[in-house]
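Handing you a structure now.
As written, the chain order gives the labels A, B, C and D, with residue 1 at the start of each chain.
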Amino acid sequence: MTQLGIIGLGKMGGNMRERVRAAGIEVVGYDRNPDVTDVASVEELVSSLAAPRTIWVMVPAGEITSSVIADLADRLEPGDLVIDGGNSRFTEDALHAALLAERDVRFLDVGVSGGVWGLENGYGLMVGGDAADVERTMPVFDALRPEGPREEGFVHAGGVGAGHYVKMVHNGIEYGLMQAYAEGFELLEKSPIVSNVPGSFKAWQRGTVIRSWLLDLMVRALDADDDLSDIEGYVEDSGEGRWTVEEAIANAVPLPVISAALFARFESRQDDSPAMKAVAALRNQFGGHAVKSSE
Amino acid sequence: MTQLGIIGLGKMGGNMRERVRAAGIEVVGYDRNPDVTDVASVEELVSSLAAPRTIWVMVPAGEITSSVIADLADRLEPGDLVIDGGNSRFTEDALHAALLAERDVRFLDVGVSGGVWGLENGYGLMVGGDAADVERTMPVFDALRPEGPREEGFVHAGGVGAGHYVKMVHNGIEYGLMQAYAEGFELLEKSPIVSNVPGSFKAWQRGTVIRSWLLDLMVRALDADDDLSDIEGYVEDSGEGRWTVEEAIANAVPLPVISAALFARFESRQDDSPAMKAVAALRNQFGGHAVKSSE
Amino acid sequence: MTQLGIIGLGKMGGNMRERVRAAGIEVVGYDRNPDVTDVASVEELVSSLAAPRTIWVMVPAGEITSSVIADLADRLEPGDLVIDGGNSRFTEDALHAALLAERDVRFLDVGVSGGVWGLENGYGLMVGGDAADVERTMPVFDALRPEGPREEGFVHAGGVGAGHYVKMVHNGIEYGLMQAYAEGFELLEKSPIVSNVPGSFKAWQRGTVIRSWLLDLMVRALDADDDLSDIEGYVEDSGEGRWTVEEAIANAVPLPVISAALFARFESRQDDSPAMKAVAALRNQFGGHAVKSSE
Amino acid sequence: MTQLGIIGLGKMGGNMRERVRAAGIEVVGYDRNPDVTDVASVEELVSSLAAPRTIWVMVPAGEITSSVIADLADRLEPGDLVIDGGNSRFTEDALHAALLAERDVRFLDVGVSGGVWGLENGYGLMVGGDAADVERTMPVFDALRPEGPREEGFVHAGGVGAGHYVKMVHNGIEYGLMQAYAEGFELLEKSPIVSNVPGSFKAWQRGTVIRSWLLDLMVRALDADDDLSDIEGYVEDSGEGRWTVEEAIANAVPLPVISAALFARFESRQDDSPAMKAVAALRNQFGGHAVKSSE
């Protein structure tokens, strides 16, 4: 019988446990939060699974993921398999795979898309690693992915790192798509002639070239707040957009749209722009154009 | 009984005639092409419809649309209604409405989205004009729009011009969306680590944040030519993207993504870039960096 | 003996009167402001000059320039010459020239660069119109332009409109140059490793590839306020940047840098960005990411 | 008496040797090229200088610089000083300084600007490291920098790494400046109204807001080839532009202009754009728009 261990039961991991269980797979989850964990420790998680084990790590990318994987490397047996399903940078994957390989523990990296909707709709899965490891995990992937043809919600994209690479590009595209809709929203809001902006977005949902899931979500947002006046235009970024631009630079790929979307987020978080202070200062210097005092 | 006249039976108009007829509405179409026209002349089109008439103009934007509308102004009677369903710039609409109003002929502008798929899927409709004129045309709009709730494929966006304005913004967004997917495609193609690019696009179709109709079309394109090697990276633009950026400038709306997508098309059509000649010349001047001869 | 009439004695026109007079040319200036004007009316200006007259119009672009030129068309005689030295859009020039031509009055358009420094340094001059008209005005141009070879501060760029066209492009370039320095300033300010930002700008003034007059002005600004903390990052735009981008669009010229500089100014004037509200709303919808309340 | 060792006598290092010698400083240069070297080996270079030595490394950034510095670490004595004057990434400097510090050898990083003109005009110098090390090298810096006030061609910008950091930003600005002029050039070339493009650039040299050394170089280039028809629009990039954008991303600094200039270079080197293939494919899919065959 198929078993799965999950480490990390937050917004994503918790829902994934539920979805895999609903598919009839036995899942043991561990989280530091005692309210949601199934076992008291990683040690107990490992001992409660029969070898060869499959353990899905779903914790914040970076140092936390690395320390969880290092800990697993110490506890697991040859033939066990670790899956990093978090938003790790693809460059981390080879390091993690090598660390585990020293103990003959296998590794897959999986990019997971779908957000809070994944529990209901299923998650888009992008996987990197060896074919045999992918094959043995297929029941879990089938439980997590959306209904419909497997290849429309799942891909084995290449060797170790390819899953996170494809997820990184996915998120870069996501930045560009959101910014495109956002620019259209601003232009309609400023239009002297269009009186029904929310209705325009709603009407784009069927039949048009720009219909999409993000558009559906924009309609949901406008249903709740028809001019978004309750929301501040302040947008965080979580890494993948930066990595996408950096990877484009490394490969000499022009990325004007995705980089513009990233920079728009940086700007959104500035109270005042040092760059624009400089432009204001220059205009004042050559043309005597008035500047606004910062006070 | 509802009747509709259509002038212009090309790729769009011909399919629209078919879709409206399939809804049980009597349609008389005129086109200069004798193979597709129902009547021999605009004169005959007008005389074959009972007053008050509704005539949908579906011809190329610009001078052709203006001349057709001017001709109709001479032929129609008070209470008749002219609809411009082409990709006219919204600034034309007030002129056309005023011209027709001199004869007490009504006017609606309609942005139509859906391309060659509209016959089967229905067309997204964005309408500008007076509510009474919209109301009387509703049976035609219901025939053309996609199935499902009316407001998800149809909007009365405002007064004269608002329909084409919303369509213009729709197309501007479309530019941005396509460029975002395209940048992602190039990055994946250049990736040293991803071996299954078409499969990655295919896997984004379900569950992911970036699923959309354009993504489905990208999958279709990659199914036919898995690295797009048969296609040259040469992209026309048809006006709406330019107008979107111009309108943004007129309203002081920052449009970094949509403008970048527009400029990428301009670049795609250049054999050599005068701007980059200048940069090459400058580098040569200050640093002695070699230039490539244009021969 | 050479005479010149000037209409408009503001920041630019007043200094130009002084510079032309210093070259020994008789100048009669008119301004609505009685404190600076030489004569009481345009009528008096015209009557105080001997035919064939040369009258330099230096008033705000747009309706004011058009009305002044229309008024002159009524007052001048065949063979007189009107020069528009303001920042008119080049598309206006043909209209003004045609209006004047009905009375056999000649027309030149002149782009003038140099700002408040022009009185001392001379003004860069870009001229459009017929060669004979340029020739007869040469003493005035020589008085206004900087010392040094004539062709390094003066160009007859083409027929009517070419002067303002070249000035428009000049200003577009200016937008790009300022933004490039400004981005460098912000990056240095944010650098964890550079402790002497004003000194870095100062050190770029000699020997480096990026030395320029704008850089010298940046040093002046930093001398007065070493981190620009007294200035708000709020930047107006006065038309030429917008026209440059619009003209690029009309000619299918990619303009990523100049357009980015223009959009940065638009952004600088927004208290909150509607576009970024939309991005924040979308992230909240799909990922449950928190949004900032606008209150 | 002041002595200097230089390793690397290429286009830059060779000219710098000449300039420092002209200032009366004894210089011993080493290069692998026997035609230009003063000594037969680094060993001989070291032995020919009296302790405490100052050795300026002027070799290609990256592995070559690192290996030269590692070799020097083995050969030098406590109190000696190594200067990296190449275009190293600032992140390398701390590593090199630490390596040398193990032997009590000092380190300065110096960004050098001026290209092939530096021999005649002097070099702009941006220095990172400790004040005492800067002080003892001042005679060399004074020999290399342009005439005029020291602070207009030299800056001690901060600790180790700051010199290369400021040079990196200098080059990023340079990318933006060049692209701004280049876009202006293309727009003038495409203008239907301007007949004298080279003359327009020439006329911008005095009095205008956009006058600069790069503009002077553009005039030189146009003097030799008035429409740049002999040059292909193909532009390399050498690292600093990429690092500037990466550093901006690391510090959340929006860099729309400099990144656009970088991407324009990437595009200039592509025979065909994979991204634009994708856009062409999408337009074909939804609208039946014809694509160009790549054959």
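Annotations
The rule is short, and it goes like this: a residue touches a chain if its C-beta (ideal position, glycine included) is under 8 Å from a C-beta of that chain, and two chains touch if they have at least 3 such contacts.
All values derive from a computational prediction rather than experimental measurement.
Matching residue numbers shows that A-B is the pair in A-B, B-D or A-D whose interface repeats C-D, with more than half of the contact pairs in common.
Should one ask which of B-C and A-C has more C-beta pairs in contact, the pair is A-C. Taking each chain's centre as the mean of its CA atoms, A is the chain most distant from chain C. Look at where the CA atoms of chain A average out and do the same for chain C: the two points lie 47 Å apart.
Averaging Cα coordinates per chain places chain A and chain B 33 Å apart. The centroid of the Cα atoms in chain B and the matching centroid in chain C are 38 Å apart.
Counting only residues that touch two or more partner chains, chain C has 115, 179, 181, 183, 186, 190, 209, 213-214, 252-256, 260, 263-264, 267, 273, 275, 286.
Taken in their complex, chain D has these residues touching chain B: 11, 115-117, 178-179, 181-183, 185-186, 189-190, 213-214, 217-218, 220-221, 225, 228-236, 256, 260, 264-265, 267-268, 272-289, 291-295.
Against chain B, in their complex, chain A makes its touches with residues 90, 113-115, 118, 121-126, 128, 145-148, 151-159, 161-162, 165-166, 169-177, 179-181, 183-184, 186-188, 190-196, 199-200, 202-215, 244, 247-248, 251-258, 260-261, 263-264. Chain D meets chain A in the complex at residues 209, 242, 245-246, 249-250, 252-256, 259-260, 262-264, 266-267, 269, 273, 275, 286.
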